[in-house]
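The structure appears right after this line, and notes come after that.
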Amino acid sequence: MSDLQEIVSEIVDAMRAREDRGEVATYIPELARVDPGAFGIAVIDREGNVAVGGDADTPFSIQSISKVFTLTLALGKVGDRLWSRVGREPSGSPFNSIVQLEREQGLPRNPFINAGALAVTDVIVSGHQPREALGEILRFMQFLGQDGAIAIDQAVAASEQRTGFRNRALANYMKSFDRLDNAVDFVLGVYFHHCAIAMSCRQLATAGRFLAHLGRNPETGLSVVQPDRARRINALMLTCGHYDGSGEFAFRVGLPGKSGVGGGILAIAPGKASIAVWSPGLDPSGNSHLGRIALEELTRRLGWSIFGM
Amino acid sequence: MSDLQEIVSEIVDAMRAREDRGEVATYIPELARVDPGAFGIAVIDREGNVAVGGDADTPFSIQSISKVFTLTLALGKVGDRLWSRVGREPSGSPFNSIVQLEREQGLPRNPFINAGALAVTDVIVSGHQPREALGEILRFMQFLGQDGAIAIDQAVAASEQRTGFRNRALANYMKSFDRLDNAVDFVLGVYFHHCAIAMSCRQLATAGRFLAHLGRNPETGLSVVQPDRARRINALMLTCGHYDGSGEFAFRVGLPGKSGVGGGILAIAPGKASIAVWSPGLDPSGNSHLGRIALEELTRRLGWSIFGM
Amino acid sequence: MSDLQEIVSEIVDAMRAREDRGEVATYIPELARVDPGAFGIAVIDREGNVAVGGDADTPFSIQSISKVFTLTLALGKVGDRLWSRVGREPSGSPFNSIVQLEREQGLPRNPFINAGALAVTDVIVSGHQPREALGEILRFMQFLGQDGAIAIDQAVAASEQRTGFRNRALANYMKSFDRLDNAVDFVLGVYFHHCAIAMSCRQLATAGRFLAHLGRNPETGLSVVQPDRARRINALMLTCGHYDGSGEFAFRVGLPGKSGVGGGILAIAPGKASIAVWSPGLDPSGNSHLGRIALEELTRRLGWSIFGM
Amino acid sequence: MSDLQEIVSEIVDAMRAREDRGEVATYIPELARVDPGAFGIAVIDREGNVAVGGDADTPFSIQSISKVFTLTLALGKVGDRLWSRVGREPSGSPFNSIVQLEREQGLPRNPFINAGALAVTDVIVSGHQPREALGEILRFMQFLGQDGAIAIDQAVAASEQRTGFRNRALANYMKSFDRLDNAVDFVLGVYFHHCAIAMSCRQLATAGRFLAHLGRNPETGLSVVQPDRARRINALMLTCGHYDGSGEFAFRVGLPGKSGVGGGILAIAPGKASIAVWSPGLDPSGNSHLGRIALEELTRRLGWSIFGM
């Protein structure tokens, strides 16, 4: 067993033994049904060695982690013109706050708060039927995750369609400032569905490899984005990837990362590894409680913090 | 001439040729007298090689860059208890905003906005006379900068004492929530004076070396803080070091950094170098305009971004 | 010609001669088609004497003035339980602000901002089909306005249905806090339609008479609400009836009043008269520019201010 | 015994019997020493008939009620130019909020929130020594209250000087936007002292008579302000006189009024009477709990609401 696999296994044991697990998100009814005791982790290093533990092959709802990939797609589509549609600053507010939108006339602060991700989705939808846009996103995830079986959890998507009043408010609010080109329902439909993509830790860590290695998967050699773009997506994950807990994540874990309310976190150790963890219980900022603790332990033991090696 | 020195010299030439220089801060009258055409840079690598250019030996008012060092001092004094006094999240607001303080009952979001730095200064003042506290800060700067001639610019300090109404408002506001232990005037006096410390780029880059090398100066071997603490200070600089332009700085430069309205920026390339730049003209977020551009060019050419090497 | 009619005629002449007319609302496309030069006024005193001038018989879109009457209906339906659904304080914000809703968890400040009116409409809709609820509101207006021909302008209603993104955002936002009992689309549909009721100044002044006379129409003798309720509706109009221009209206006109973006204002001189004015050009707070000036002149000449007679 | 006296006596009895008394303000330490069971009331009608009850002759700290009189003085000094220094709209925020000041660049919303009263005090101070300005205010109160013994409670003033950090924050904040002409400490000194004026209900009701009768005391015949100005001060009291409880006061009591954290309320029944009540316990908005209830009962029984007689 490799050192990395040993550390991963020890972390899984330690996490399984903890009683503090955070609270499973209930605002999307379908998500509330998940097993609160689940825990999975997958780490893939530069050479392609994979260390996994726990429920690393159980698919979960990636939710906001999908925003990293829709951002990548939208940048590929319109390049830096995207930044006229969404900012690059931490919001200092919860993920679904609407206050900042009023102060800044409907322009979202960054692509990882819900409003910003809606703007990004709007860019992807433009020129397509919603179904096509969604297909493009899903195929991108299957390509990056190297698994054609990656799919949308339709029950979760339907659950959000029924209950996503806050996102519906954000989208209409942006539309009132003329910040969405497409019909509100189209954008929301695609957004709810790409958030409902289900992936395992193994698939997710695979999908994130291009971010750890200057834009290309070191194994396949396929380039996804230019090196600079990969760096900048990582920078955005570090400053904005955990909503109003982004500072805390940077402080404790020291890696760029993006969380989702499904309990997943994708973290990137530049030059070293792509990491995915999953534990459904959330902390008050809406980020996976044990997921963050596991990553803190992992980077501490491996000295992977980008802030001093 | 080393490669590093060559790059530094080319950057100085490029910056001197630019006509966009931002606006010199005028809200502190004394600062407005500085030469808007000044530009300096100093880079010190792990081995102690120093590459300098332009006005690298002209002292300037470090202003908010001092907050990195008072944070270091306060952490040394009270350890992690400091975090009950100040948060660790980006504020999503300008440096002198008071709105967030009302929403969060006088608890500042992070140690690098003015309110947070006042809380940190309050911790340093406790148990001292103001004069002693200030002496402690100044000696710490002389020790880190390896130059006993580092001094406070009394004209700048006096200028802020006379005109610093916004900071006076912040301090009284925090006091009204019982968030300062010491007399408002004591805390403000020490704060205005440590912001008025004058240092050259060379001195500042020297002072920042412990942050680039896990808490110790690799040349002298003297340890300033534990490795983890150095990492965490860097993480805070990255997420909060440039006020409401922190996301932009991370996105473009890709290094932890701290700016001051005097036009200086201290940037840290972990494991590689400590860097100081100075150009008095500011961008709308209050950060050195050419300083940021010079750092962007430097890290691009050297591949020093922490987000992908 | 009575003194009152003479004053009214002079005011009409003065208003027609003015060149400052404000700006016609354009955010509802259909409203933008109105003649910006239109001006009408109707005053009905206790004895039923009617003084009219200008376009007093031209129907216009009453828009937010309808909120006075839906409030009256909802109070009749659920009594003071209504106040668990909506507050009674001025908002200090524009009519369509969403910031206050976030701070106060979806509970609107008063029944005259859009969010509050949506809560009131929700109460009226409960237990009905939307079409029935709308019919009830329309019949109430026909009864109060003593004219069975009062109708909804379907083109305006359709225009708002297509473009009312801000109101759609507010309703979804409230729904996300569980502040609406009925389906968002039902509530919005009824809301857009009752705002699209078209009435003339004469009809509107007639409809407002119960508010001037302790809850009953002094001519027909029919009681609409108890005296105390009439007083309280007037109090709400005074403090909240002109959005973020309510203080100004009270200061200058000195009467309870409610404006609409169609350019109408209903004003109440308690014990004396019910007054309706209409001029489509709006001031920056969204209230009829000449309408307010005409009312100021009228109350000044008649000594009708409630703040000193 | 007159009818009015009888009603007043019954109200005193009813208030004394109640157990809900609100909470005495503690943020000014000296105010916390007052007897929470105190209750006083004085009503003076047009003819000069005085009905009193309870502790009507006990002096109490008028606190913010003084703002009505400093507003009157400042309007006398600079006329409508005052309105370039302070607005006329309800704030929708607590009395000491600083958020609105940031949004509106240091311009206070109205003269009755603390920031606005500081702007008004600044106008009075201009061209004077602080001591003279304070003398002018005090003499004005003695003149209006028809009692040369009216004085400043120096212990209360000193208590506020020591602990008034929030007001000190507001004043410095305004100064940072250049919204105060005079030294912050001068303005605060005068402000703290005029808030510390002590008056009885009888004196206060006497002082308010000019507001009930178009600007002049009907007994002495002395004119204090023009009729229009009296109306407008009343309008401001109605919309802004009870901070974030102004809507509630208008809704329930239906009279212009101004409260102070000392537990006093001055209420004006235009054309009818000037009324002062005092009960130290406050409601959550910072207004006298029993004072408001007593006024509600009084106006209900006498039909004095300005919203329908």
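For reference, chains read A, B, C and D in written order, and residue numbers begin at 1 within each chain.
The rule we apply is simple: contacts are C-beta pairs under 8 Å (C-beta built on N, C-alpha and C of every residue); 3 or more make two chains touch, one makes a residue touch a chain.
This is a predicted model, so every value here is computed, not measured.
Listed by label, the chains touching chain B and chain D alike form an empty list.
In this assembly, the chain whose C-alpha centre lies farthest from chain A is D.
Our note on geometry: chain A versus chain D, Cα centroid distance of 55 Å, whole angstroms. Centre-to-centre separation of chain C and chain D, using mean CA positions: 32 Å. In this assembly, the C-alpha centroid of chain A lies 47 Å from the C-alpha centroid of chain C. Multi-chain contact residues of chain D, defined as those touching 2 or more other chains: none present. Shown are all chain pairs that touch, namely A-B, A-C, B-D, C-D.
Within the complex, the chain D residues that touch chain B are 97-99, 101-103, 165-166, 168-173, 175-176, 184. By the touch criterion given at the top, residues 87-93, 100, 109-110, 211-215, 227-228, 230-232, 234-236, 238-240, 244-248, 250-251, 254, 256, 270-271, 300, 305-309 of chain C touch chain D in their complex.
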